[in-house]
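A quick write-up on the structure given underneath.
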Amino acid sequence: MSFLHSLADRDRVFDFLVPAASPVDVRHGPILYLDGVTVSFDGFRAINDLNLTIDDGELRCIIGPNGAGKTTMMDIITGKTRPDSGSVWFGSRHDLLAKSEPEIASLGIGRKFQKPTVFEALTVFENLELAMSADKRILPTLTARLTGEIRDRIEEVLATVGLVECRQRLAGILSHGQKQWLEIGMLLMQRPRLLLVDEPVAGMTEQEMERTAELLTSLAGKGKQSVVVVEHDMGFVRSIARTVTVLHQGSVLAEGSMDQVSHDPKVVEVYLGADPDEEAA
Amino acid sequence: MHCSSSWLTRPFRERATQCFLGILLAALAVVTLFNLTLPAEHPLHVSTYTVTLLGKYLSYALLAVAVDLVWGYLGILSLGHGAFFALGGYAMGMYLMRQIGDRGTYGDPLLPDFMVFLDWDALPWYWLGFDMAWFAFLMVLLAPGLLALVFGFLAFRSRVTGVYLSIITQALTFALMLAFFRNEMGFGGNNGLTDFKELLGFDLRSDATRLGLFLATGMALAVGYVLCRAIVSSKLGRVCVATRDAEARTRFLGYRVERFQLFVFVVSAMLAGVAGALYVPQVGIINPSEFSPIFSIEIVLWVALGGRATLYGAVIGAILVNYAKTVFTGVMPDAWLFALGGMFVLVTVLLPKGIAGLLAYRLRRRRPPPSSSPEPTAPREASA
Amino acid sequence: MIPSSAFRSSRWLAASLLSLGVAAPAMAQEDPIKVGILHSLSGTMAISETVLKDTVEMLIEQQNAEGGLLGRQLEAVVVDPASDWPLFAEKARELLAQEEVDVIFGNWTSVSRKSVLPVVEELNGLLFYPVQYEGEESSENVFYTGAAPNQQAIPAVNYLMNNIGVERWVLAGTDYVYPRTTNKILDAYLKSHGVADEDIMINYTPFGHSDWQNIVSEIKAFGSQGKKTAVVSTINGDANVPFYRELGNQGIDAADIPVVAFSVGEQELTGIDTAPLVGHLAAWNYFMSVDTDTNYDFIDAWIEYTGDDMAVTNDPMEAHYIGFNMWAEAVRKAGTTEVDEVKDAIIGVSVPNLTGGYAAMMPNHHITKPVLIGEIQDNGQFSIVWETPSTVAGDAWSDYLEGSKDLISDWRAPLSCGNYNVVKGSCGGSETQ
Amino acid sequence: MKIPPCLRWLLALCLLACLPLAVHAQAQAQAQDDTGQSLLASLDAASYARMDGAIEAIVASGDERSRGWLEALLGGKLQRHKETGRFVVVLENRGRNWPVVDALTGEALGEMSRRELDRIGINNALRGQLQSVLAVLDLRVDDVGARREAARDLLGRVDEAMVVPLQGLLEDEADAEVSRLLAQGLAIHRLEQGDAAAIESLAGSLNPEARAALSSAARSDDPALAEAASSALADIEQKLRLNSGLETLYFGLSLGSVLVLAAIGLAITFGVMGVINMAHGELMMLGAYTTWAMQQLLPGQSGLALVLSIPAGFLVAALAGIAIERGVIQFLKGRPLETLLATFGVSLILQQLVRTGISPLNRTVVSPEWMSGSLMINEGLSLTLNRLYVLGFALLVFAGLMLVMRRTRLGLEVRAVTQNRAMARSMGIRATRVDIMTFALGSGVAGLAGVALSQLTNVGPNLGQNYIIDSFMVVVFGGVGNLWGTLVAGLSLGVINQVLEPWAGAVLAKILVLVFIILFIQKRPRGLFPQKGRAAEG
């Protein structure tokens, strides 16, 4: 019905009537707020009464053994999965549970998938063009032109993720690492307030990792983006982490600085006890 | 190719489109010339029979383009596009029926013959207005368009994808076929609509009209082709390709995928309707067999054979297959199915990207691939 | 089965050129006389139509053996419309416009005829249509050698009413125009003979309907009301096997509820296990079991031609036999194959049919036929239990339909009109303009 | 043209009397030739209307060959040689020339063409009467089954002359069923005579003949009789309502079973392998033709042939399947839609192959005795046997497949390959081999379906086309890759269809079912039993 409803929206008739995506209100409180979220797939509780708050401009790492519910959490935030109970707020204005993926995306939540997914049949340039924040309804998209300013922005991002050279290359033939960056680049094109980054360095070389670390840390900051990184690689986490959240069996086990959590007995028991790299495999 | 020109003019700057239009228009001109100027016994004379035949091929080609638009670029394999084709055809057929007026066998000024001898006392409401050309032609677009809108809305909203979508499109056309077979429906049942007299006042039997229809079809094909080209080479086209290859990702970029799918699906359905409307007056009959799922599958075969996601490939495929059909059914009446079937098998196995694939391959050698018409990577509808 | 491969390959070249539109120099004036054959050899109708193609080819062979016509040989031009109705129109056009045949024998289904009709009229060809049909049509260019409703349905119903004493009627048919019309005519006819509304049950099923359980049990219930009941079946081709099977299995035999079929002939029976069918009826104008020498000659020739001892003949084949001979006769009479002359010459021509009588071409382009009722035997043949004392002339326009009871058809000058309205005294419709 | 009742009974008795005399046949043969000849001559000369007279004469003659003649007459095999005018019995009347024996002496006369012979015709009326005569005869035989059949035949055929002897038979009838039937037969007769007393003995009988008699009585002008009859009818109708409910259910299930059979093979190739095999229908066709071929090989043993063609059909189709897999599908890995296109080509080829190779005409597949007729639950409700067998067969095939998939190594490997091809390979499963086996299995099952269908419908080149679409619907409706889904989907669709049919009509019912499927897929985009988990994500 949402479709018919939107047809009825008077304010959607003319482009200039469309309000810019309403700003996220972070004056009082966090930018992302999960409260008592629970979801279960036929019996199995993937997320169990999860509470999580991300502050504006924060860079947060989330770790946890396989099946701890990291990816599911991202699915919930981005609207892919609907929880059985609990609430998810973006700023203090937007109830994410009431919104669809595209709406959430246009609110300014960008997501990078665990397995890099770029549009392999399109060039790097086009990938970024699609990702760019713009009026994403049908007719505007159909009539969209490639203005100089758009070019500049794309070039800018190309530079940031270091893909200037393969601008016109099909994304399908990029290396794994390049795909990861391209995808991060696509996130940047979206001008998001909140980035959800799922295992950004999987299958990257040392140098690539370092670059990625720099990139992410440079992104986060007050008034800029907030970044949530889910990662297995302890080394990488240590290199960027300010606050770390440990998920276990779908709920928060511990939270704090890397040192705090790594000395937390519970964590040691369920997680660090085993060799993290092995976990990562 | 990312020129900042408007989406409608953009195609004309593409080499592929220029070639295509060039060839098409040249062909139209030559056929017309040879048909009109050369005397019948001249070896190069193009008989009206052939002109009509070519007209039929062209309408099929337009239909194939419509299918390629949704299959090639959107990854939606519709096994029910025959339905839209047939609906357009019926809209036109109903207009032509009304044009017969009282020249029917029973001389009834209002009712078509089949209604008279099945004792219909009044014209059913859905036949009203079809005596007016503008209304009928509007219906040619609206009837398939609305069906596509409703069906597509339901399907895409609930994210029916891949094989499931293909099968229910098949169910759709199959159901329509059965429905139109029923004489109670008032569309002439199995006999369908036939024995047309004139179109917009032109006698359908006159050679001039036939030539005119042929040219009209050619023009429609040209326009349809450019339209599709414009769509696929616009940003919207790239969104389609993105949807085809990674639907979820596209959603997370903030595109309402289901609406893009719906939009393109409806456009394609309308094109199919137009094709049907041009087809009917040239073959002189429309009946429910156009709804048969087998026919819809054949359309897909034309596209596959020509090469999907290229548009011109669809045209090549449609013309080639149907020409082969014409020749074989005449030359080797009891063996032509072997030839046709064999052709399908060989092409799908040996030429996965169809005939256009070969051409594109040659071109790609010289310059980077035209990113506006990319070959599908892992086809999304593979997931079942 | 088909002419020699040399012939084929030569035509391969020709036809591919032709269909390219590169018309070879017109070949109208030269030998041989071209006979177009327009029967589906593939698709759903191949089942019925293939044998008709062979029949015409056999007749042509025989004619050539007798020195052809007007001293010219006959040549068959075979195309395959593939049970695809628009293709019928296209192929008809190919035969007339490209191959320039002098006559066409073809079509089975009503829809294919309807689709070919405008083409034949436009290009002024000759079409001989060999299958029983719904009537309500008379074209200047078409000759209907099959039965019109009054040559099959009405007599059959009379037989059931008078000789079997049937009071309750099931009119079961496939949902297309022939059964629709036939049943309308029968409905009107029965009512005019005092049959009450509740004693008539009309039922339509889709083509190739294979699940008859419900319908047969309805018929069973309908039949167990204490009145003698019969089924008048206009069920088409493929749907018959499962229908009769279901009848047999639900224990309905001919003694309880006889079924009289208008579309089940020897050909169809070859595909059916006839044991449960014995005693059910069919109404035709010819049965293979007809006991005349002309028939036996025809059968022997057919068996020779097909080289199959089990080969059977049927009514539409006889229709082609008659049609072909009438055309040949008319050509001899006219001394040319010119369509218009043949059209005039053929009216009044009468040739022997296979049932020991003569068939004459009426001014309405229908022919005179005897009507036979046969009971199915366990060997897939019919035993003739009743026949009309004399032949019946085909009636293009039924007297039992509102729309057409005032219409007559007479293609002789001066009237030469396919649908002359005797009340209005005018020639309605457009065929003649 | 009715044979007078008295004569009819007389006839029966004489024929009976004749049986023991058969021994002396040859001795008396010569003596009787002339009489026999004249008898048959008069039979031959008579029009249908007069025929009874001739039959009367034959019976009265007490000739022991009469029964033979009458049966030949029934089968339309009693004929006259045109030149010699001698009467012959045709042994086999198919084909061009027929073997015949002399009707009088029984000596073989070799073959004659239909041209030389003249059949002695007979029509339904006479046929019915002769049958009831023979029925009365059969009441004397020892075989209970035959007696019941005979008694059932007599229902509604009893007339005045038979009453006395039948009552006689009724007294010394041992079998309860037979005597019940006889009693009913007599009651029906009495009712026809307008005897209201007969009604309560018919009350509650579900037999159609009884119902017919009652309803005609209900129309009679004697109010009392009409009243009683219609009340009796009313409570019969009551009982029938339950029956018809059950009947519809049965119809639904049997239709469903056909759908399941047709779809289950597809569920494997399509659901498990992701191959969209448009030639599936043609594989079914092959199975059906195998049955036909078998029956050609074993003439006269249709039953045995049918049983044998179950493995044979499976084998043929499976081999064809392997050929298709090797020849086409293996080149189209991971391109399911291409498989659709290629196999569509294959299906065209197979169809035309049958048309040119065998014949464009349908082939006769005979139903063996044990499969024709119906199983009588009660007199109002009987289940047609062939469909009952098919239903059972479908369930059997399904169970078998389940076993293969769940219990065997192959099943395990198949599931493994479906889940994760690469992983399975790395664990040493020969994926190629698994593909071949799976496809062969699916195709073989299609063959089985064909064998079953040969008992229900046409065996012709178009057989496959009529089922392919429905099969896809069933698989998708049930949920791809889920055999249970296919079973449930098939059966439920069958039932829905049959429940709708009576009031919607066959066509509309089918349309409604299709629309239902379309809407259902909207609600549950992955069918009845969707595959769960990440694997299922598009």
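The first chain written gets the first letter, and so on, giving A, B, C and D; residue counts start at 1 in each chain.
We take it that contacts are C-beta pairs under 8 Å (C-beta built on N, C-alpha and C of every residue); 3 or more make two chains touch, one makes a residue touch a chain.
Here the structure is a predicted model, which means the values were calculated and not measured.
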item	value
Of B-C and A-B, pair with higher C-beta contact tally	B-C
Chain whose Cα mean lies nearest the overall Cα mean	B
Centroid spacing, where centroids are CA-atom means, of subunit A and subunit B in whole angstrom	43
Cα-centroid distance, subunit B relative to subunit C, in whole angstrom	35
Distance from subunit D to subunit A - Cα centre to Cα centre, in angstrom	66
Euclidean distance of C-alpha centroids - subunit A vs subunit C, Å	73
Residues of subunit C engaged with two or more neighbouring chains	41-42, 175, 204, 206
Sequence positions of subunit D contacting 2 or more other chains	351-352, 355, 465, 507, 510
Overlap residues in subunit B, where contacts from two or more other chains coincide	157, 178, 181-182, 248, 334, 337
Of all residues in subunit B, those that touch subunit D in their complex	77, 151, 154-155, 157-164, 166-168, 170-172, 174-175, 178-179, 181-182, 247-248, 293-294, 297, 300-301, 304, 334-335, 337-338, 340-345, 348-349, 352, 378-384
Subunit D-touching residues of subunit C, taken from the complex the two chains share	41-42, 44, 46-47, 50-51, 164, 175, 203-206, 208-211, 213-215, 217-218, 220, 223-227, 238, 241-242, 245-246, 248-251, 254-255, 258, 267-268, 270-276, 279, 281, 289, 291, 293, 296, 299, 303, 309-310, 375, 377-381, 383-386
Residues on subunit D engaged by subunit C in the complex (per definition of touch)	48, 75-76, 93-96, 113-115, 118-119, 121-125, 127-128, 131, 208-209, 211-217, 219, 244, 247-248, 251, 254-255, 258, 351-352, 355, 360-367, 372-374, 382, 384-387, 456-462, 465-466, 497-498, 501-502, 505-507, 510
Complex contacts: residues of subunit B adjacent to subunit C	31, 34, 40-41, 43-54, 56, 100, 102-108, 114, 116-119, 178, 181-183, 189-192, 194-197, 205, 283-285, 287, 289, 323, 326-327, 329-334, 336-337
Sites on subunit D touched by subunit B in the complex	270-271, 274, 276, 278, 328, 331-332, 334-338, 340-342, 344-349, 351-353, 355-356, 465, 469, 472-473, 476, 480-481, 507-508, 510-511, 514-515, 517-519, 521-523, 525-527, 537-538
